[in-house]
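Below you'll find the structure, written out as structure tokens, and then a few comments.
So that you can tell them apart, the chains are marked A, B, C and D in the order they are listed, and the count of residues begins at 1 in each.
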Amino acid sequence: MLREHEIEIRVRYPECDPMGLLHHSRVFVYFEMGRTELLRASGGNYRQLEEQGLFVVVVEARCRYYRPARYDDLLRLRTRVTRMSGYKIEHEYHLFRGEELLCRGQVTLAVVDRTGQVRPIPEAWQLEFSKEAGESANLRSEVQSE
Amino acid sequence: MLREHEIEIRVRYPECDPMGLLHHSRVFVYFEMGRTELLRASGGNYRQLEEQGLFVVVVEARCRYYRPARYDDLLRLRTRVTRMSGYKIEHEYHLFRGEELLCRGQVTLAVVDRTGQVRPIPEAWQLEFSKEAGESANLRSEVQSE
Amino acid sequence: MLREHEIEIRVRYPECDPMGLLHHSRVFVYFEMGRTELLRASGGNYRQLEEQGLFVVVVEARCRYYRPARYDDLLRLRTRVTRMSGYKIEHEYHLFRGEELLCRGQVTLAVVDRTGQVRPIPEAWQLEFSKEAGESANLRSEVQSE
Amino acid sequence: MLREHEIEIRVRYPECDPMGLLHHSRVFVYFEMGRTELLRASGGNYRQLEEQGLFVVVVEARCRYYRPARYDDLLRLRTRVTRMSGYKIEHEYHLFRGEELLCRGQVTLAVVDRTGQVRPIPEAWQLEFSKEAGESANLRSEVQSE
């Protein structure tokens, strides 16, 4: 799986509240779009996962809001995998309008089967992640050794 | 099934748009709440229906908007069964704020099984409906004969 | 204003219901996106309109559903202006998955000012529409005269 | 302002996702309903606040999910004010189905004016809160002194 991915999102009219601002609950929908597209860009597909009987559930979600987004804003969401243990995945999200950071979130996921039983993170994801993480680590060590 | 039922709905903040008005798409969610509660008040339960493998799908939906609803308004939704044939149910909806009519809708439903195949309307519903319709018809004829 | 415009929409996870289908109320949000993008493609901007104190309200909305859309489907929405009188605009919407027609809707709009007073459709829109309609008419007559 | 308040919420069909579970983003809408009703039960009104040109914005939101809620569940949300400084209010939320805790959240709010400038928390709220907090403190010390 890719470590990081960016998508563009146009703020929809009914996503905004009477203040004219993107409702704070909606960023969690955007975050979900971010990780779905990161998975797709990595060659995976969340719908196929569900068809195999595996479901991703949210264990914890948080967001810190700095500036409001408004109707019709064209936003840029950066999604990054920050942790992948045997049973949990954590992503970090940065939502920008141009270069301006609007909010920053973290969401922790687990994988469950049809009965709701927690299942290990699919191996394919883990290997890819470690490989990429390893490459980044290598890259960093090269840079540092200069 | 009861022929008519009323519920109260408090307009939520993120259901309103930057104009400060209930977004027009949301009334269809209210209408669905109206028919769910009509079914519950009749002794039925939509969730149990789904557990038996029957699903209600919307075939047609329409609404005529007269006046806007606003954040925090306490509304009254009247749901009425207007037609029940072998394969279709039609409800009519009137959404009020006090005595003021805000909008009027109609939604036509069909029942499908897990494979998406159209199934006859559950018999229990039909009998109840005819019985009640019959009573109303009787009532009307009595009134008219006076 | 352009007479017709198409956009692509990816169905989001929380837009789908427990049946796994796009909830019927959501197509009205898609339709709104369709007319917003038609306006943008025509050189207009709905947000600017609101900043000038003009607001578009929905007078009537309807949709006929033929086939369900599912999570992660990439849909194509065609929006077409079908009527523009002094005080009303009507659009027609066709939502496709590939070549398959999923639903067809009509929405009638009016323009109001900050006080909720109905206002004539902005002249710029009307002229553009008539011009384009005229061109289409010419085009049709040429085709027919062959 | 009251320190704590409880409301009942019936899970709506389109609030649930293809897993049949309440979408994780929706609890933040429930939390908002919880604090709105706590304010109303305290004799205040959020809509009136907005009409005076004061708006409540979310600075930080988080939730820890333990068990999923399902369509048609009748839930109980307990909202409690946990902190009220000069510029920030923090609430804690516990969402239950029967006695079962489904999730626990915290949301931090600030008050801004029409220009987006941060404003002190309305004095009326602070006094009420201190008074109640004081009473609770008194109550606790009495209990402890027994």
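Everything that follows uses one rule, which is that a residue touches a chain if its C-beta (ideal position, glycine included) is under 8 Å from a C-beta of that chain, and two chains touch if they have at least 3 such contacts.
Keep in mind it's a predicted model, so treat the numbers as computed, not measured.
Using the average of C-alpha coordinates as each chain's centre, D ends up farthest from chain C. When the C-beta contacts at A-C and at A-D are tallied, the pair with the greater total is A-D.
Averaging Cα coordinates per chain places chain A and chain B 38 Å apart. Centroids of chain A and chain C (each the mean of its C-alpha atoms) stand 31 Å apart.
Centre to centre, using the average C-alpha position, chain A and chain D are separated by 27 Å.
For chain A, residues touching at least two other chains, in rising order: 13-14, 18-19, 23, 25-26, 29, 32, 71.
Every residue of chain B that touches chain C in the complex is listed here, in rising order: 18-19, 21, 23-26, 28-29, 32, 50, 55, 57-65, 68, 116. The part of chain D that touches chain B in the complex is made up of residues 12-14, 29, 32-33, 36, 45-47, 70-72. Listed in rising order, the residues of chain A touching chain B in the complex are 13-14, 16-20, 23, 25-26, 71.
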